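In the two assemblies presented below, chain A is common to both, partnered first by chain B and then by chain C.
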Partner chain A sequence: MKLQKLTQMGLASAVALFVASGANAETLRFRLGEDPESLYNVETNSLTANTVIASYLLERLVYFDKNGDAKPWLAESWELNEAQTEITFKLRNGITFHDGEPFNADAVVYHFNTILAPESASPHLASMGPLTSIEALDDLTVKFTFSEPYAPFFNELAGATGGFNSPKAVEAAGSGYGRAPVGTGPYMIDQWIPGTEIKFVRNDNYHEQFRGDAVNKGAPHAEEILLSVISEDGVAQAALEAGELSASMLLSDTIAQFMDHPDFNTVIDETATNLMFLEFNHQKAPFDDVNMRKAIGYAIDRESALAAAWDGFGTAALGPLALGIPGFDGEVAAKYGTPYDPEKAKAILDDLGWVDSDGDGIRDKDGKPAEFLIKGYAGYAHSSRTLQVIQANLAQIGINVTLETADWGAFYPSLLDDGWDMDLMRWTARDAGILGELFRSPGHRQKLPANAPLDDLLTRCNSTVDPAARNECVSEAQRMLLENVTIVPIMSNWTVIATQGNVKDYTIDRMGYLIPGDVRIED
Partner chain B sequence: MTDMILEEQQTFGKPTGSNFARAMRRLLRHRSGQVGGGVVLVLVFCALAGESILPYDPLSIDPINRLKPPSAEHFFGTDELGRDLFSRILYGSRYTLMIGLVSTVIAATFGITMGLLAGGGGKWADMLIMRVVDVLLAFPYILLLLAVVAILGPSLWTAMIAVGVGGMPGYARLIRGEVLAQKDAEYVEAMRALGASHLRILFGTILPNVLPQMVIYASFTIPLAILAAAALSFLGLGAQPPIPEWGAMLVDARTFLRTAWWVVAAPGMAIFVSILGMNLFGNALRDVLDPKEMSK
Partner chain C sequence: MANYVIRRLLMIIPIIFGILFLTFLIKALIPTDAVSALFSGTVSEDKAAEAIAQIREKYHLDLPWYRQFGIYVWDVMHLDLGESVRTRQPVIDEIGFRYVNTLILAFSALIVAIVVGLVTGMLSAYFKNTWIDVTSMSVGMMGISMPAFFLGFVLIFIFSVQLRWLPVIGRGDFQSLILPALTLGFIEAAALSRVTRSSMLDVLSREYIRTARAKGMSESYILFRHALPNAFLSILTMIGLQIGNLLGGAFIIEVIFGWHGIGELAVKAIQWRDFTITQAVILVSAGTYVFVNLIVDLLYTWVDPRISYEE
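Up next, the complex of A and B:
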């Protein structure tokens, strides 16, 4: 009885709050780093577009909760067959798209068939893996069939790729659909001024919010959301200070001044899914030798790099998987990693015969000085700062490195050539499948020698669907990558966001997307 | 006042020094020559003095002391990696000067040769060379630089070559015009009458007579070259880290504009002051090398 009363009171206050917020026509203003080229998730895979699509417009069958476990969203439940090659989803009833069309099994089949169709040339085709067909068993039941088990698929289902569009709207709009997406999400697109702003209005016919991690289960609080395109961080900072933005993702260089400011709140998301690491040209001496790579690993002062490059807003990494990706094994990282220990690095170099025989401060071996080239990406201040710390670290152990940075279009393809020794790389991923993509021989840059046990293991990790068994496999892969010193992990940086002080419940989910229905402005 | 005019009239009567000495004297009296010359001298001194005048190692990083504001210890403060900005600016002056000089020498050498050959080499040579120049001029300047860097790969040297290539057409056009104007001058006729070869007339007779114009032009293109190289570094295509080239320092600093102004101000002011100084100096050079002034 008491409990019921409390619930009623809670409901009453929730209603009161809802009415209050509706009365003053709230608009939330957020920042977009760039204008997305399209908002149709079949034809785009840009980070910005994904964030907009997945946060506001489209909903998925499943979401990942705080622990990284898949939970039902537009699906009610699912089951796997014995061989783990078929997943059957039961969909929720009564959900409609923004245009009034029903969300049903046909919409799910339509979406994934469009991605699979070669004529769509979808950038997501590769991530569908061994998916062979999608079938509507009845109006609310849909079956995915794979030629072999494929664990990363849930990650695709929960990401922007897995968001559903109204098939009728897609057909009607044709090639213009990317400018006028129609989903089932809490917000609907209202206006898009290219290069300037995108305006969303509240979906007043919004069904219940089925996500367990959302606070607000009804229609969203704010009436409108305005996304302004602001590419420069300094401008976003000024806009926040002037009250023109409700919230903005910022670089770690600028977040500190908002942290102790009474007028602002900060959201620091430490479940980083990115990893910055040093890679080696394994086909070129001396980095074809595991001990040489190990010496480099021990020489890197990750804490200094973190302080210098990210103002401390990150976590030093010893393992090859980012700490926010399910399957990350901190124990393996601590046990097999190469923490900062310049003396150990020097001892290894001595053993390998790299000694400073001519007294110029640079080690040499067989008359060749220890001088190497590290390539890096120029468009990212954090990366070039990290490179300079690495350069200083290696100078300490008697290795002289030259840095060469270029824009991505020049840098990344140039790693296919032979003229480099190391490179500084950074990847963001949500699933441990990234290990296979990057490090299964010959590797993403064609420089890794065949390593049958590791290659097989990485393949097995992708076809193990059971989460516990998969995590075990991924742990094993992390151990092998560390023993082989395939890469030297350096750090993962955190997502940092500043919001106005009166903006409440600004929550980023496990996938890095905002839960917009929760965000409210407190009077 | 009257004394000065008298003096000048006297020099006109019986020239006491060479043209060079007279130009120098005039330059020293010129107001913008004094200011500009002073800036250029300081720049040259910093570039030549080397590491001995630097209070700190410009490359050694010290993350604990990052982003410290200007103080008696660090005159310009420290940057995002804890390096002393004053030392970096002083040390960077050599790159700035080198970029200005090397790229201008590249532009002038090829540009002047092209211009001389176009102006004095007959109809076909003129047509051919000037069309090449037109093509180079048709490209937007920065796009041309980007194309050269894309071919040669990013580094400080390729940035200098790119800026040099970008500056060639200006020299070629200017010198061609001068050659066409001087071709039929009496002193050229005289050399021709003495039997001097075509090339000798071009390079031995005409070239020395148009050099003052070239010097003036160069004094204006050196700062432009420095700005262009800074722009390339700003795009990550010029100087590579950790070289303290001013343009590269500026791009690394820009996220600190509102939190640590000195990191941006130091390279920004260094570029501003040195470009201003060189332009003032160029202005003064133009004034004192003006033939009308010279003949006074």
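Up next, the complex of A and C:
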């Protein structure tokens, strides 16, 4: 009798278990690689937090369309003054935050003033550039004033940094705001179990979707979105296979298993904004010589590196700007780049006097063997595999390199010291301003000699606000960087995502954010 | 006994102080300054300099080390573990629920380990050199040799992907607890089973067991009243060590099963260079270890009254 009752209870709870885990068609389940530290865009700047903030919660004045052109979103229009130091935005009327507060010029002013205030210690402070003041001209008009023209600002406006929070909610929540953000976006935060999951519910009072690149102009399709923290790729794979995730970003190693699978779709975003490249210590011989750097450039087999590091899910790069960043010039890259040509590399080395005089397979010059140190960051397969390819490539032309890797936190500062010849670097950026930040002398690691024409050009690119004129400037900068072989570009990797077969319209925008209102589950 | 307990408790004070000092040193030993880590995303740091100065002041990084240590001890005594560098939330909030998760997982795994370990160990000893012994010891050997992540993925594949009985994604509920508790429990059970077997074998060969059998006592009475209590001392030592292990957090198990405990937090905090969290995790784990050791020591005197710490 007792046993029977226990069995019944067991069955009942087993049934409850199945009901509980049964997938709700109205819930989208996505993966988060790590728990965001905060969802307040003033105080955070991590990739994870930015993606969550910008995809679901907060909307911006502008967005970038597929061509990388800024288009109005919460702004209706904008105009520049003659000197290009003032941008005046006209805001759309009738937009409200999740808490019912109106979105207006005061909310815009509040947001940017908070970033500028030193006590906020905002990591976005530096990216505000020469922004000096923001003022509300009337309820729906706001003016940004700069001490000099600042082109990268539109990128900040379109990214997570430029998303607006309800000022009333920020003030009310104090330091807890990062856990309970209030925006104007298609989804509202419902629950955040730290380290575990974040649940969003549909904003049923959602105004119209003003983005031209969105398919669905009304309220979003799915009632709920559940983001689960899954740090291991293997676990995400199992969760997809078990039907517990609607979609997940995966490593290229894992995505291959979903490529031809009938139950899954894959979304591959090829507009990469990242670039992996080899840098030189320009202050140390022999890499102070442009021809030496050029020889290295010709020696690198980018396709092999791409296959090793990302299973081919990427684009081999010849230009110094990632292909997804507006201003990237593929023609300049093809014309002035150093494509894989080991014979050419060897010929250059011969001309420079680096020959193998003692027959040990390693070139030497003035009694010094061609032995160099390449530094890299540890902990990522893509980095260690690329380093190995580079090592093999250079061995092929008679150069012996030693690899030294360390955790990013130790590696990056160590480049300020002198004991290295080359390093493997990777940056992700959304604006061509990155070229100036990295390569305007003395450069981000203090090793670049002054180069007045290039330095002036990079400065001019940042203060040219007109997009077409700016692109011309950025093209010119790419040409000069290639002629100078400041770096050896290697590759950009793509974002790869697997979704369940019935998940439709999973679209990543130009900034790399999901357009969540479009995503639907097909019955 | 009371004397011993008091002395044992007093001994904890210098230990705790030592732990505090070592955790304090963590801040000094972290290779990069945690403040610049906060700004590692920004390239041009001239504008961020003012913000950096603000943060240095906030975390007292501008004071000499002994004053920093004084402030640290004072704060910990007031249960103020500071604010996470990364999330800017109180450390207590970050660590509290994870510690509870670790406790839940550790004790669930321990129950699995004790039940499986004791039963198989006793059966193996009792049926020495039969198929029961050989089977359970071979399975035990596999348990000891198998890496936790492998067993974990095998269980996920069978129960979550194929059968779909249990979730892959941990949500902190009972269903999510089953697989990690079993994985961790089996691995700990394997070691416990071997210890139980050998100490039971030792006890079962003693003369008083033979005497008990000669008196015609039932086998179960002999096993549970005579043999087990005498074998229990070494088993208890083993369990004590295992509790310490389990409470330190099982990083791999926690990551694979999405069970968010302090093991996972410890590793992430180091990656994030979040020194306040790192300090707190080590402080809490070390404190737990000290506490568990104390309990085990006290249990010895209860299990075996012959052990006396009175001088």
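As a working rule, the second predicted complex is superposed on the first by the 498 of 523 C-alpha atoms of A that agree within 3 Å, B and C clash if a C-alpha of one lies under 4 Å from a C-alpha of the other, contacts with A are read in each partner's own complex, and residues count from 1 in each chain.
Note that in this section contacts are C-beta pairs under 8 Å (C-beta built on N, C-alpha and C of every residue); 3 or more make two chains touch, one makes a residue touch a chain.
Keep in mind it's a predicted model, so treat the numbers as computed, not measured.
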Query - Combined model on chain A: chain C and chain B, fit or clash - result: fit
Report task. Classify the contacts of A:253 with the two partner chains as first (chain B alone), second (chain C alone), both, or neither. Result -> first
Report task. Check the residue A:106 against both partner chains and state whether it touches chain B (first), chain C (second), both, or neither. Result -> neither
**Report entry** Per-residue contact with chain A, leading partner among chain C and chain B
**Finding:** C
Query raised in the report: After lining up the shared chain so the two structures overlap, which partner does A:472 touch, if you call chain B first and chain C second: first, second, both or neither?
Result: neither
Query - Touched partner set for A:269, first chain B, second chain C, both or neither - result: neither
Query raised in the report: Regarding the shared-chain residue A:86, is it in contact with chain B (first), chain C (second), both, or neither?
Result: neither
Requested in this report: Could you tell me if A:364 is touching chain B, chain C, both of them or neither one (first, second, both, neither)?
Outcome: neither
Query raised in the report: Counting only touches as set out at the top, which of chain B and chain C does A:234 meet: first, second, both, neither?
Result: both
Requested in this report: Considering only touches as defined above, state whether A:350 meets chain B (first), chain C (second), both or neither.
Outcome: neither
Requested in this report: Using the touch definition from the top, say if A:289 reaches chain B (first), chain C (second), both or neither.
Outcome: neither
Query raised in the report: Once you lay one complex on the other using chain A, what is the shortest C-alpha distance from chain B to chain C, in Å?
Result: 7
Query raised in the report: Where on chain A do the contacts with chain B and the contacts with chain C coincide?
Result: 234, 238, 407, 410
Query - Residue numbers on chain C that touch chain A, as the complex places them - result: 31-32, 36-48, 50-52, 54-55, 84, 86-89, 93-94, 97-98, 153, 156-157, 160-161, 164-165, 167-172, 175, 255-258, 260, 264-265, 268, 272-273
Query raised in the report: Can you list the residues on chain B that touch chain A in the complex?
Result: 60-61, 63-64, 66, 80-82, 150, 153-155, 235-237, 240-242, 251-252, 254-259
Query raised in the report: Across the complex, what residues on chain A touch chain B?
Result: 233-234, 237-238, 251, 253-254, 256-257, 304, 307-308, 378-379, 381, 384-385, 387-389, 391-392, 402-407, 410
Requested in this report: Write out the stretch or stretches of chain A touching chain C in their complex.
Outcome: 17, 20-21, 34, 37-38, 43, 45-46, 118-123, 125-128, 175-176, 178-179, 193-197, 228-232, 234-235, 238-239, 241-245, 407-410, 412-413, 434, 437-438, 444
